[in-house]
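In what follows, chain A forms one complex with chain B and a second complex with chain C.
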Partner chain A sequence: MKLELGYIPIHNIQFGDPSRVEDGVLYVNAEDIKTLIMKDERVASAEVELARPGESVRITPVKDVVEPRVKVDGPGGLFPGTVSRVKTVGSGKTHVLKGAAVVTTGRIVGFQEGIIDMSGPGAQYTPFSKTNNIVLILRPRDELEPHEHEVAVRMAGLKTAAYLGELARNLTPETIETFETLPLKEGMEQYKDLPRVGYVQMLQSQGLLHDTYVYGVDAKQILPTILYPTEVMDGAIISGNCVSACDKNPTYVHQNNPIVHDLFARHGKDFNFCAMIITNENVYLADKARSSDWTAKLCEFLSLDGVIVSEEGFGNPDTDLMMNARKITDKGIKIVLLTDEYAGQDGSSQSLADAHVSADAVVSGGNANQVITLPRMGKVIGSEAYVGTIAGGWDKNKQPDGTIMVELQAITGATSEVGFGYLSAR
Partner chain B sequence: MVKEIERAGIPVVHICTVTPISLTVGANRIVPAVAIPHPLGNPKLSRGEEKTLRRKIVQTALKALSTEVSDQTIFEVD
Partner chain C sequence: MNKIKVVHYINQFFAQIGGEEMAHVPPEWRDGPVGPGLALGAAFGEEAQIIGTVICGDSYFNENVEQALDTILEMVRQHQPDLLIAGPAFNAGRYGVACGTVAKAAQDKLGVKAVTGMYVENPGADMFAQDVYIISTRNSAAGMRDAVSRMVPLAKKLVKGETIGASAQEGYLPRGVRVNLFEKERGSKRAVDMLVKKLKDQPFETEYPMPNFDRVAPQPAVQNINQAKVALVTSGGIVPFGNPDRIESSNASRYGRYDIDGLMDLEEGKWATAHGGYDPSYANQDADRVLPVDVMRELEMEGKIGSLFHFTYSTVGNGTAVKSSKAFAEDFVKELIQENVQAVILTST
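Moving on, here comes the complex of A and B:
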């Protein structure tokens, strides 16, 4: 399976009519977007705001971030099973409005939603301070249950990203990247002297608004399965998560998964990046046992020599991570784990809820309990009413001078467990 | 908490869903619970069935409490 990603750089965003891309500027017709979103009868009102890198702007509570893309060649469309019809994606050509992002906010759905500061110290912790953000402020109808509210917000973000991505259909990309994964037998023949490497991505699936969708299927209900890694670049996996903002994977991160990109960068040179395996993090022990069994079985079946495993979220999924580590290692396959840490505000507590001796090569995305102080911003998109109740905040964490103290947990993408962040020990 | 109470000489049964974590942290008597969001209940069952389930879990825990163990032990609920 071969996919060409064509990048159209976006340096700025402005309101304008009609929506279009000109000279690196994305012009957005807010009325068109509102009309699109308001077709969903669950939404009572929608507003569109713009937030650019460097501005004195805070967006909160952030639910999801989505990158505008469009499929210009090959089967299927963006976000198959949700926005587009179900069709296997990941081949052909896709255009990307690189530098633009759709961010969804509005009344809180769960208690684990995030903060994006476009400038100041908070901006150094979130990757979405560097994107030109089209922010949707959504108010659901009052009688909606939280899970329906979540669906309405999720769909609004995805549809808006698809609408904006469509503007790139007939543009000429400035740069093109090509990614190819061969079918099993051909890959083995072509790269017979290279180690076989796979990527196991654990998807958040704890339920109660902690969910991820694969081709429209709730990941709680999947058995571990194999993807061509390019499928995720076309939106095969989307986030429906109100999980701690720092270490959930927003849809944007699934579309741009750095583990996939970095493995492709060395594919065919240092190793053969054979496949991506997705598994889940369910709340029943039998599910954890079954999914980790299947994950290890698929690694063995693919004759992998080495595997990278990334976790999503924390707490009981730490056990899924350790079960995967133990069972994959038992197959004689080397592993490296990616996670983050909840080591207390002073960093001295146990980092993970579970541990196993097989987890002897672990990359950390950082300590989510680390406290930072965010200065007052000139403008807030959404509402600061929830900064004390979202995960990572606490009662009266907003000071009289307007500054806010939070743990990194509250900052969208701060301790990404797929490495889509800025924290580093280097 | 399990370990601190045992340190005071009182045996403890840890009822929990994710028994691997219980093993990792060093509980000696472990009884598996139903699921993380509802450890001692099951919203899919009728009230009557759920009460039976809850009674079984508690009875298993009481049996575990009165059983001598020489190593970390998981007591499955029948």
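Moving on, here comes the complex of A and C:
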């Protein structure tokens, strides 16, 4: 399967009519977006705001971040099973508005959701301080129960990203990257002297605001399965979770999965990047046992020599991580794990809720309990009313001068467990 | 700005008094730098001055620890330095223990900042890495220049009160405290690099060495459960509606103690969860799903348990430091013992 990604760089965003891309500027018609979102009867109101890198702007509570893309050639469309009809994606050509992102915010659903600061000390911890953000402020109808509320805001973000991506359909990309994964037998023949490597992505699936969808299927319901890695670039996996926003993968990160990209970078040179395996992190022990069994079985079935395993979340999923580590290692396959740490605010506590000797090669996304002081921002998109109750906040963490103290876990993408950021700990 | 005043601690060997045959010499003060102190002084440049050197034989120190330490601390105290540098001791075991002991005492008893240096396998490293900044050195004095080049910048930061980076950045031995840092490569690239090394059987360094995991063996079954007083404890965050103790939704800093005397059922709108790590909607509908007061009352009435203890203890397990959880339990377990509670049902989520 071969996919060509064509990048159209976006350096700035402005409101304008009609929505279009001109000279690296994305012009957004807010009325068109509102009309699109309000077609969903679960949404009572929608506002559109813009946030650019370096501005004195805080966005909170952030639910999801999505990159505008469009499929210009090949089967299927963006976000199959949710926005587009179900069709296997990952081949042909896709255009990307690189530098733009759709961010969803609005009334809180649970205790969850994150913070994005566009400038100041918080900005260096979130990758989305560097994107030009089209922010949707969504208010659901009052009687909507939490699960429906979550679906409504999730769909609004995806649909808006698809709408904006459509603007790139007839543009000429500035740069093009090509990614190809061969079917099993051809791959073995072409790279017969290279070690065989796979990527196991653990998907968050613990329940409301802890869910992930694969071709529209709730990942709680899947058995571990195999993807061509390019499928995720067309939105095969989307996020329905943002609890402790530091280490959850927004849809944007699934679309740009850095492990997939960095494995492709050395594919055919240091190893043969054969396949991506996705598994879940359900809360029942039987599910954990079954999914880790199947993950190890698929690694063995693909005759892999080495595997990178990425976690999503912490605590309960640490047990899934260790089960995967142990069972894959037992198949004689070498593993590297990607996780983050909850070592307490002073860093002196045990970092994970579980441990196993097979986990001898670990990359850390940093200690999410580290406290950071965020200065008052000139403008808040969304509301700061929840900064004391979101995961990573505490009662009265907002000072009279407007500064906010939070743990890094409240900052969207701060301790990414797919290695999207540069933070680590020792 | 005044120069930083430094006292340097070295052994008889580095003072060029002699080797093992002179290891019995007692503590001695000399003004100015001696031996490796010259290299240290040069590295500090104009910013600091080595005002004196304390020399002590390794055997003398280790055979007369209390006396030696008293004498050395008195020498240091008299000269009121801003900083004490001990060693580096490389892989010399007794010297390493002496350096660690002197550095720790200087910072704890005299309030003087202290830095030492050792090879990771020096017994002094294990003994003092948690208490003192120990720069990781090579295993012999051939690594002196390298050691000095890292001891000096760290020492300056300590004296000036600047933020100390992670062990990997500053070059000190890990202190059992996790410190964040920004790496040059993103995490995914580091993972791929690590995998390639592992596949080639080349050495690689994990970023998080697995701890010795603290596993608790289950207690034997309770005899005569039908007469036992049973308590309910949860990390599922069940609290009276409104969360009166303001228990955090993640990384809880406290637990709550709630009276359930006479309660048959945890009703919607009166009880809810403060936990941010799972779908709260079902627990908020019926908190008994997490803290099963209703079922315990039935068991109590059927005589299957003796009684349900009238307090329940609740915290949020989500991302809560293991250290905090231990402290909570050590606290409330006193009351459980005092009240003759014989069994606890601990529900998690």
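In the analysis below, the second predicted complex is superposed on the first by the 421 of 426 C-alpha atoms of A that agree within 3 Å, B and C clash if a C-alpha of one lies under 4 Å from a C-alpha of the other, contacts with A are read in each partner's own complex, and residues count from 1 in each chain.
Convention: a residue touches a chain if its C-beta (ideal position, glycine included) is under 8 Å from a C-beta of that chain, and two chains touch if they have at least 3 such contacts.
Since this is a predicted model, take the numbers as computed values, not measurements.
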item	value
Combined model on chain A where chain B meets chain C, clash or fit	clash
A:Gly122 touches, of chain B and chain C: first, second, both or neither?	neither
Which superposed partner A:Val197 touches (first chain B, second chain C, both, neither)	second
Chain B versus chain C as contact partner of A:Thr319, first or second or both or neither	first
First (chain B), second (chain C), both or neither touched by A:Gly419	second
Contacts of A:Asp354 with chain B and chain C, given as first, second, both or neither	both
Touched partner set for A:Ile390, first chain B, second chain C, both or neither	second
Partner chain(s) touched by A:Tyr284 [first = chain B, second = chain C, both, neither]	first
Chain B versus chain C as contact partner of A:Gly207, first or second or both or neither	both
Touch count on chain A, higher of chain B and chain C	C
Chain B/chain C common contact set on chain A	206-208, 283, 316, 353-356
Interface residues, chain C side, partner chain A - complex	166-169, 174, 176-192, 194-196, 198-199, 204, 206-208, 210-214, 246, 248-251, 253, 274-281, 317-324, 349
Residues of chain A touching chain C in the complex	110-112, 124, 145-147, 195, 197, 206-210, 243-244, 258-259, 261-263, 265-266, 270-271, 283, 305-308, 310, 314-316, 334, 336, 338-339, 341-357, 359-370, 389-395, 407-409, 416-426
Residue ranges of chain B in contact with chain A within the complex	17-21, 24, 32, 34-37
Complex contacts: residues of chain A adjacent to chain B	206-208, 283-285, 288, 316, 318-319, 322-323, 353-356
